[in-house]
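Shown next, in structure tokens, is the structure this report addresses.
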Amino acid sequence: MFDLVIKNGTIITTEATYQADVGIQGGNLFALGRDLSGHREIDATAKLVTPGAIDVHVHLQMPIGDNVSADDFFSGTRAAALGGTTTIIDFVEPEPEQTLLQALAARRAEADGRVVIDYGLHMTIGPTEMDKLDQVPAAAGAGCATFKLYMAYGLRLDDGQLLQVLETVRDAGGLPIVHAENWDVICNLIARNLAVGRTEPRWHPRSRPAPMEGEAAGRVIDLATLAGTPLYIFHVSCGDVVERIATAQRRGLPVYGETCPQYLFLTDALYERPGVEGALPVCAPPLRTEADQIQLWAALAQDKLQVVSTDHCPFTQADKAKGLGDFSRIPGGVPSIEARFPLVYAYGVRTGRFSLNRWVDICCTTPARLFGLTHKGTIAVGYDADLVVFDPERQVRLSPQTLHENVDWTPYDGLEVTGWPQVTLSRGELIAENGQFQGQAGRGRFVARRLK
Amino acid sequence: MFDLVIKNGTIITTEATYQADVGIQGGNLFALGRDLSGHREIDATAKLVTPGAIDVHVHLQMPIGDNVSADDFFSGTRAAALGGTTTIIDFVEPEPEQTLLQALAARRAEADGRVVIDYGLHMTIGPTEMDKLDQVPAAAGAGCATFKLYMAYGLRLDDGQLLQVLETVRDAGGLPIVHAENWDVICNLIARNLAVGRTEPRWHPRSRPAPMEGEAAGRVIDLATLAGTPLYIFHVSCGDVVERIATAQRRGLPVYGETCPQYLFLTDALYERPGVEGALPVCAPPLRTEADQIQLWAALAQDKLQVVSTDHCPFTQADKAKGLGDFSRIPGGVPSIEARFPLVYAYGVRTGRFSLNRWVDICCTTPARLFGLTHKGTIAVGYDADLVVFDPERQVRLSPQTLHENVDWTPYDGLEVTGWPQVTLSRGELIAENGQFQGQAGRGRFVARRLK
Amino acid sequence: MFDLVIKNGTIITTEATYQADVGIQGGNLFALGRDLSGHREIDATAKLVTPGAIDVHVHLQMPIGDNVSADDFFSGTRAAALGGTTTIIDFVEPEPEQTLLQALAARRAEADGRVVIDYGLHMTIGPTEMDKLDQVPAAAGAGCATFKLYMAYGLRLDDGQLLQVLETVRDAGGLPIVHAENWDVICNLIARNLAVGRTEPRWHPRSRPAPMEGEAAGRVIDLATLAGTPLYIFHVSCGDVVERIATAQRRGLPVYGETCPQYLFLTDALYERPGVEGALPVCAPPLRTEADQIQLWAALAQDKLQVVSTDHCPFTQADKAKGLGDFSRIPGGVPSIEARFPLVYAYGVRTGRFSLNRWVDICCTTPARLFGLTHKGTIAVGYDADLVVFDPERQVRLSPQTLHENVDWTPYDGLEVTGWPQVTLSRGELIAENGQFQGQAGRGRFVARRLK
Amino acid sequence: MFDLVIKNGTIITTEATYQADVGIQGGNLFALGRDLSGHREIDATAKLVTPGAIDVHVHLQMPIGDNVSADDFFSGTRAAALGGTTTIIDFVEPEPEQTLLQALAARRAEADGRVVIDYGLHMTIGPTEMDKLDQVPAAAGAGCATFKLYMAYGLRLDDGQLLQVLETVRDAGGLPIVHAENWDVICNLIARNLAVGRTEPRWHPRSRPAPMEGEAAGRVIDLATLAGTPLYIFHVSCGDVVERIATAQRRGLPVYGETCPQYLFLTDALYERPGVEGALPVCAPPLRTEADQIQLWAALAQDKLQVVSTDHCPFTQADKAKGLGDFSRIPGGVPSIEARFPLVYAYGVRTGRFSLNRWVDICCTTPARLFGLTHKGTIAVGYDADLVVFDPERQVRLSPQTLHENVDWTPYDGLEVTGWPQVTLSRGELIAENGQFQGQAGRGRFVARRLK
């Protein structure tokens, strides 16, 4: 007699699809079998049972310039849970005067009372951290073995710093994760565009050309190859980057890439819209073309890209409007923390682009494996009972009303999605059911991640 | 209370490594969990529990010219079982006057009373089958959805026939599997070599150059691309073929390749040995260089090759000696049906070339997936209880004495292997334990395979 | 005081464009300079002076089945001369009972009394020549150092024969030139098409798919690489072959390719025309798509293809009509011996695809260099005075009336061409002027070609 | 009766090798022919007659930090002339306060009274020139249509500036030429090496890794592709850069590369020598490995690299020694202005790596074509009579004594060279003969170069 049993569902893992009951005890997946009994039972007949989805790239209550991303650790993780995501990884950005561990403690303090699901934190290494590189092993030891490196923005590392940090992370057994764009080119193009009065959002993509994202990705791959380290490239938006990653992989290099829903579902045509409408989808890298979308979907099917995350970083319409007179001042970021897992199902699996198993691989298993979430990401005995009972036929029309993100718009407004979580379990606790949130702020835990 | 429980082992699947007990009932894997109890229990403490290994390429009691391969369906499957292999796939070669289904029935009649593990059969389509192409759907429907096509030997299809058969197999939802060598070149080189008195085994590899295996693989990939069909290439022996397959995969084509232990462990230096020693390792494609070995191991690690099978086709020293005066008359084939699974563990995993999970993927899970063994190849509820309790520290020195293949030599004589099956289960029955065979002839079943 | 001086022209070579007079004496180019005087002078003010064009691929009075190509050595070379071509290379096809030298003598006997320009001959090595391979050095020594090998038709060599011939030609210091198509596939497709009543010309291209021309080109490149010989590929029709050649070249292999006007100017849409109209442009490889045309033009500009020849092989409308009930019986071949040089100028240079110098390279210099025409192909002291005074502004509308080929149609009927020869000189003799033929049958000479 | 005739020589151009006399009148090549007569005649029997060599990359009397390169415009061009080089291209480096044209005038003032052969000047665009981009068309119009851009050193442009300059040069019809190394990485490595006391010359190559030269070359190719401009890459030292250039060329991009004798003849083993010996060959990029040498020679043969120039920039042993305590302060540069043309002959042609014609192409014709020296670089009527009578059998042992560069060492000391100029003519004037300089300072002229 287990605490909880999910009965009669179809289990989906990366390697198998089969019927079994799931027995849960004390937060763990305790048994997979037939005819299991529990104090509580959830009927999953005609439903899929998947691992809880993992979103390795979110920005909750993140300050950018004068703005702060609209979802805090509570509202953001609540939305995540309602969409079937049971673990997120957010970021630590140390202040100049902080040690890495102080910064980690401070960020955990912001999250711990609010999160409703488990979370990890990437450690950001910016220019001011060049003096703290001896602390990198300690950060890895504290469960932050994945290090975010920027090739753009104020946090940008130049190529020399980048090489040095890649070597340092390699020595600490960590994984570097990179925002790859060519910042010098972007700054030059922004300045030249603004100088001739090109201030509208449509100049945002024109200031960040896809070939220069490709260039930056190629460059950091070259640097990682020289350093002899694995590498993970964030938010791949275009075929040019896919090509660079695939070439590296074919040479046997451990290079990985993710894309995000905005690049799979939206195009740069949106920036041509008048007024704040054109400003809302500003993010970096920017949205690209339909041809890029096709290449991104194919790359997921062919394992040239390994993960779909969100880069969830919502700003309100009011915040976005602040940059209407200067596209470079529009706070960058879009929301998708809630709908990612169903979106990839609806438009990846149901369209025939890839299998149910690949869907789980992309959204759950590979994120867990690459980022050291050692007891999450699949359905196996002894793993955390982070599970989703997924209704493959439930239809949802996306809108700010149907979604629970703390932001007054969504780029997917009006999009029909077939397939949505019926139940979300986090360590055996039912935290969302039939679109109703059932969890509590602060029940989530920080996960100290370990890479092999 | 299950029929049988494997207790305290470490489960290895392609995606996870975890502690669990395995409950078996009526031949099926019934439960994975903690503290399971069974009428019989096997202690797997400090052991690995893996899916039964699958060997998709064996030739048992196969006539070649005047000889018959030395292992019949009993001795061959017994050896397989002792090495942890629980399913093999052998071949149907129709006689000219037989329908495909008649030929299937006849081959099953040879196997059914003898096999000690489950087996499938590939259907061979040779030139005399060009008039039977309308029977291909029936063969697929009878569980032989994988079709063996030869680009060499008397069964060779010319490129026009090959294209037509690829289209036919595609329409039947089948998978073509191909022996790729350039037969015209081989015949020409054999004739020219023999004409000048080059009769020794060392002229065997010199008559079948690696670039011409590469050429043939490239050619059939071109044909499959034109036909729009997936493709599986047998016994890849050299880096040249790896390169062709990897290029196709990078273009998104569903092309798969296997290699075999002989190509991973042996080199063409063996053909230089005097007398029958040089004749024993004659097989086709021939053994290649150390450089090729390195590329094959790397290709397995990088998923450019997907499977290790054996092409097990043993001939006695006496049979081999018949060709001493003419290398082209040496019956081709080497044994490895017993040691494959431990060999890949010992020299793939323990050397650090790839993970335990990749080992299981290469030897169990991917073979099952590609070849339609829908309830085999992984450890999951409802699957056949084909399982191996694998002792990772057991040491075996390979020799005709320690192996159970029905042949008086082994190319691996003297090779030390660390890691060997302790127990092999087939559909829940213990058929081998501590090197002792416990099964019965004829207990194995024909598996009607279904491709998705 | 020279015999003849071309005054005030603009000399075009592959490497320079400059003003100079050309002094000719005794058939040779004797001087380049200023203010030269001659017994006869040709004013080339505002004209280009180019080397005589060289067409390395023509079939004059060639029997194919029951038909003979419509131009004999007189009418064909007369048309060539009128279009600025001063050297052709045709073929020897030995009869089974002939030695190579006997066949050469016989073919020379057909040509010698008729040719009005110099000519060379390729030696064809078909299956019946496999017994004559010891004669290959003699043929090379007699000036036929370039050997035509077929991968299609009755003259087809299988891959083993092909390898053996490539090695033989390599040892004789010769150059193999290849018709690359996959004959087995073509035969299979023709048979399958005819079997279901697909007899019209539109089934001609559908029976010879471009990817199978690519396959064959890739295959012979693989064979040549194994043999270690240079290779020249005839009549490249499609981007797929360009890609294979370019890949080989990038690896440093001495692989060369030509295309022909029909592939640069015509598309397979012509085969859709009703009646004999659809049959006229039947040739092999067949005409391809506009996308292929774009790739061919680019390949010429980028030196992925080295030469434009014609494969001139005209058949009358009546001959073509014989195959209307069975596309596979339409005699294959189209005319373009006369217009090639101006066509490449008009649509290669005037459109900006490449320079005047590249035009001369493609049509004159590289053909001479690759095929051992050691005193032809450029404008230099001591070279044969094979020269064209080319009027870059002369306009000609192509039609059977304006052309002098002995055939009652042209695939370029109605095409406007700007730029045409004003004067053609062969070894210092004026053989064509202002569209009037001035030469005599039999004045041309066989050129014994020497490769370095 | 010409002013001067070179009699009985063998003319070598890129496309032909032939016997002819060369008639020279008023500085121009006036005639090529037989039996020409001159007031003066040079017997070239058994000699080669080539175009004067062109060195598009030299640094004469160039200030670097506290040092000035040891050859001034007189000594440098004298040495050049003695080695068969008749045109050099040096550099203008504008001072911040100078306009481009002022800087050009100032540099010409340094050169004009000293040069003994003709010369051109590249215009350097550094960071301080970003405000002068509107002057780029004027510089191009003044004959400096080739613009030197640095990705390293104080003159380094960041990627944004680089893109903007590439666009500007494109619009002016100019050719950008680039020093490609990753400066940020180099600075980081130098700092890290010096910080731990690695001060010896052997740390020079270890601070400038070949893959980072490859990276930089790839990056500027990406930028040039985005800008839509041709590109010329200076001093390619390694196979990694060759690969990037060849890939771009295969895609049809107009990307060109040069290498220099130091990379063809020397390796980084030299930096291991003790004392000043290890410092002497310091240059940037640094010397590489033998494997790189092999790739560079092959790239020249296969036209993946187009030019051999020198990057001649000699410093005395005393100057070099100033950096013995800090490798980063060793003035970078090596001499080779005199021996380049014979070196490429002796080790390129005589070893069979490529033909006489390719030698002339690499050292004379292509440099002239790419850099707009419209009447130089080949042997044709109307061209400048810049010619070399080259004795293919003359043997010279290189040393500071046999060479005439104004520097007390040579990296080629002791190297035997077979083949050396007998006579060098510049615009018809004999300026060097049998190792004796015969010209006068200031006779050379600035060449206003025009790109097509």
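As written, the chain order gives the labels A, B, C and D, with residue 1 at the start of each chain.
By definition in this document, a contact is a pair of C-beta atoms (placed from the backbone, for glycine too) under 8 Å apart; a residue touches a chain by one contact, two chains touch by 3 or more.
Computed from a predicted model, the values in this text were never measured in an experiment.
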item	value
Shortest chain-hopping distance from subunit B out to subunit D	2
Farthest chain relative to subunit A (centres taken as mean CA coordinates)	C
Euclidean distance of C-alpha centroids - subunit B vs subunit C, Å	51
Length of the line joining the C-alpha centres of subunit C and subunit D, rounded to whole Å	40
Whole-Å separation of chain centres (CA-atom averages), subunit A against subunit C	60
Two or more partner chains touched - positions in subunit D	none
Residues on subunit B engaged by subunit C in the complex (per definition of touch)	158-161, 163-164, 182, 184-189, 192, 209, 211-212, 214-215, 218-219, 222-223, 225-226
Subunit B residues within the subunit A interface of the complex	11, 13-16, 18-20, 23, 30-34, 36, 246, 249-250, 252, 298, 301-303, 365, 369, 378, 380-383
